[in-house]
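Note that chain A is present in both complexes that follow, paired respectively with chain B and with chain C.
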Partner chain A sequence: MASIEFQNVTKKFGDNTVISSMNLTIEDGSFTVLVGPSGCGKTTLLRMIAGIGPQTSGRVLVGGRDVTDIEPGKRGVAMVFQNYAIYPTMTVRENISFGLKNIHMPKETIDKRVKEACSKVGMMEYLDRKPSTLSGGQRQRIALARAIVKNPEVFLMDEPLSNLDAKLRVQMRVELIELHKKLKTTFVYVTHDQVEAMSMADTIVLMDGGRIQQMASPSVMYKDPDNLFTARFIGSPSMNIRRMDDSTSFGFRPEHASIGPEKEPNAWFTTTGTITAREMLGSETLYTIRDSAGNATVSVPEEHIYLFGSDGNRVRAEDAEYETLMEKVRQQH
Partner chain B sequence: MIAPAVFGIVVFTVIPAIQMVVWSFYDINQLNPAKTRFIGFGNYTRIFQSADFTRALVNTGVYTFWTVVVIMALAILLAVWLGTKRDKLSKFTQAAIFLPYIVSMVSIGLIFLQLMSPNYGLFNAILEAVGLPKSQWTQSSKTAMMSVILVAVWKAIGYYTIIIGGALQAVPTELYEAAALDNSGKVRTLLKITIPIISPQLFFVLIIMTIGSFKVFETIQIMTGGGPNNATSAAGGVVLLIIVGVLTFVYFRLLSRKVHYQ
Partner chain C sequence: MYKKRQKVGKLISILIKIILCVIFLFPFAWMCSIALQTGVESSRAPITLIPAVPQWQNFVTAWKMAPFPLYLRNTLIIVAASAALQAAVMIPAAYAFARYEFKGRNLLFGLILIAFMIPVQVTFLPIYRMAGKLNLINTLWPQIIPHMTNAFGIFLLRQYFMQVPDELVEAAKLDNASDFKILRRIMLPMSKPAISSVMLLSVIGLWNDYFWPLMMTRSDEVRPLTIGIAALRDTEGNDSWNIIMAGNMILVLPLIVVYIFFSKYIINSFSYDGIK
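Up next is the complex of A and B:
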């Protein structure tokens, strides 16, 4: 169990600054998901915690201890890699026990812990198999067991589900959430998929261009975005955004708009258009509406409109510009 | 579609090999083919009774053993070093150690004869300068073998370093990162992860090197112990074939569990 702290951390690759003086605290025992588009620096952060891509300057603390000069293996962290990084020439048992053998743990303890870890991921009957005979999902479990067996204070996961097929991914998502509940240790999980972030995290750290855009729980992320980037990135289908003449903008979630032949009585913003696509997903149906002249009227009530200033930051009810911007929205069609 | 290839192999490899085996049982007289006669294992008894033949065989064995061991060890270490550092020095080293491979053996022989000259050679000058005893190099039967092995290693090391280096590049970086997180030191990572992964290539190099080394024997044997009309050459060739065949078989039996094909 350990919290993780970044203090004024900067990371450069050659002359290219990827992260500049970042401060971030990841709560002890949390399931924190670092999410963002590719190249946003999320994997870089994870590798700094692991010690396999150390920071250029600043301090990284794991459990209050500065780990800058501590070797990767001695930081109390375990990592699951995107392509699993399973040692191909070792059996499942050898793969899982390798880290324990290296610290000269007694053989009986190793055996016991390997079995425990293996049964946690449901791979007991594969202990003596070679990785090449296993499927992607099974290899993923081995990679997990290899992390679990070390009893780490922190689990680091770098897009561990991205190589699995869609169905298995959903299943593994649930298993990871359950595993986190069971182990009660800190999980730091990197993904570019906002659905994974929303479904698994108790805290999401949304990054873009090496900066933290917003750090909050999934429901705050969704309902109360700080800026345009968060509003656009979180949620599927994403928020409808319309730019107004002076580069301010407003937006609304698709589920808060009603579509009908006429404008709703409580509508603050309305526009008309033509339905160009309809996607039946079972529990919901997605309509794509092109807002030219047409016979479909979209109505959005006042409380579901999000305002953004010209700098892309959110304008909330307590802000001075709020009233004027809201008035401007009403005049939009 | 493969018929032309098969034809080529049959004409140039299979038939000569069979021919060699057949001839090894005959006393061949090239001037008067009528006098050529079947003598059973006569040639074999003759070569094994010849001191030159057995000495050449033992020497080739020693030579092969040491070149293979030294080249393997050095090539792995060099390849690992060249693979981890991608600077100008390592690029230069890579080119430099490969260079001898493309130089003709005749030039190499002449150059090394000069370098190894007991009285005027550069090697002895260096040994003397650093206060070590001089060596007779090729001039003494005690150090001749070592000298020959030194040249062989020098000539071939670059080639095998490149083969092994190529194999190393195919090892995913994440495995080394995972090993670092698993508290595995550099040597342990090399022995437990890197070498097992590149074992198929190492095994290939081992067999190719052994066969290549043993072929030195042919030259020596033909030049020294061929006898009139090279009568016993065919028998010598068969003996070599059997030795290399047995060695390869032994390698496969001993090492097949250590070689990981994926």
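Up next is the complex of A and C:
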């Protein structure tokens, strides 16, 4: 088990600075998800931890040890790649044991650990198969077993579920959460999918343009976003945002708005519009309302309104502008 | 209507393939035929396609006419040594060009491509003089050393190595594999078809090489099969094509066996077939 620390880390590709003097601590034993749109630098961070794309300057610490000059294989980390990176010419057994053989572990120990890892991912009966005969989900499990077998202090995962079909992805999500509980090691997981982040993480690091936008637990991320970017990124369907005339804005979550023929008595913000689409999802139904003239009235109570300043940062109740902005929201319709 | 057009298209395609096969196979078939003809049959016009009585003893005559076991031994030594050295130079070089960023990489690679384009007729004279200075003329060495590398092979293998996904190499690095191990356990097994076909092409070239040994040698002691077969003409004096063709059959037969053995890989060699 190990914590991970980035100290003043900068990464450049040629003249292009992707990450500049970043500081970040990932707690020991946490399931941390780095999430953000493509090109935000999340995979770059992961590759720095692994040592396969080292930082340009600054320090990366794994378990308190500076790993800058340590080879990828000696950092105590294991990685699962997006396309699994299974060695195609080796059998499942050879794939899983490759890393252990390379450090000259005794054969009996290797056999024992390969079997343990394989049974953890439920792939015992496939040990002597070639990867080309396995499905995507099975290959993913082999990639997991190959990481587990090394007993790493840190698990790194780079969008490991993105090549799986929707149903399998949901199932693997649960399996990964259970695996984390079983192994109790640090998981660092990269994804662009906020649903994956919300469902699996105990800490989410939301990134954009090489900067951390917010780092918090999923529920804080959702209920108390620090800025417009977080508010928009986290949550599906995403938060309704309306811009006010002076480039400040406010927003509310869809589930906190009520739709009816009349304005609700406790409404702070109301608007009327036409329902243009309805999506029945089973446990919930999504309505798309275009506001202008119409017969559907949307009402949002005061406590569910989020305010954002002109810089995009959240304006909270303790901030000076709060009252004036709130008053302004009331005048919107 | 559509079905009919499809059928006609297929027919034309088969026809073209048959014509191409005939064009390519005819010289070979003719060689086989002449090798089994009598001397009279082989010099008659119009040509004889099927010998009246197959003259199997032509092979015996050819074999006895020159020191073939010696030639064969020399050919085998030259081909095996050159091919082994080529593999030892070509594979690491292709790996380095495909996987490392280093200063002058493109320049060096350009030089290799240029070397690939220069015909041997241009380079043989300086090499001949070099071999002369080293007292190597009329030994096996100048028939082996100049073939130690294979520019085309480096080029082809580099392309192949470059197609291996980066993640595989990175995963192997995380698995504590050294560069040598990555090459041996991942790159080579994945590139088997390419390596086999490069090696096969190279073996064919070495086996059939005539010009180079002719330049570098004077005596039967160090000459390969190709020169021996050509010498049949001189010893026979009177253009016994049936005997010369029988000698040629002896020359190409081992290659055909090797080709049949490797053909599976050659067909795959120009398309990468890792797991997707």
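To be clear about the criterion, the second predicted complex is superposed on the first by the 333 of 333 C-alpha atoms of A that agree within 3 Å, B and C clash if a C-alpha of one lies under 4 Å from a C-alpha of the other, contacts with A are read in each partner's own complex, and residues count from 1 in each chain.
The criterion applied here is as follows: a residue touches a chain if its C-beta (ideal position, glycine included) is under 8 Å from a C-beta of that chain, and two chains touch if they have at least 3 such contacts.
On a predicted model such as this, the values are computed, not experimentally measured, just so you know.
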item: Clash or fit (per the criteria above) of chain B with chain C on chain A; value: clash
item: First (chain B), second (chain C), both or neither touched by A:209; value: neither
item: Touching partner for A:88 - first (chain B), second (chain C), both, neither; value: both
item: Touching partner for A:64 - first (chain B), second (chain C), both, neither; value: neither
item: Chain B versus chain C as contact partner of A:52, first or second or both or neither; value: both
item: Contacts of A:74 with chain B and chain C, given as first, second, both or neither; value: both
item: Touched partner set for A:122, first chain B, second chain C, both or neither; value: neither
item: Contact residues common to both interfaces of chain A (with chain B and with chain C); value: 50-52, 71-74, 77-79, 81-83, 85, 87-90, 98-99, 102-103, 132, 146
item: Interfacial residue positions of chain A with respect to chain C in the complex; value: 50-52, 71-74, 77-79, 81-83, 85-90, 98-99, 102-103, 131-132, 139, 146, 150
item: Complex contacts: residues of chain C adjacent to chain A; value: 165, 167-168, 170-178, 181, 185-186, 189-190, 274-275
item: Contacting residues of chain B [partner chain A, same complex]; value: 172, 174-175, 177-185, 188, 192-193, 196-197, 199, 260, 262
item: Residues on chain A engaged by chain B in the complex (per definition of touch); value: 50-52, 71-74, 77-79, 81-83, 85, 87-90, 98-99, 102-103, 132, 146
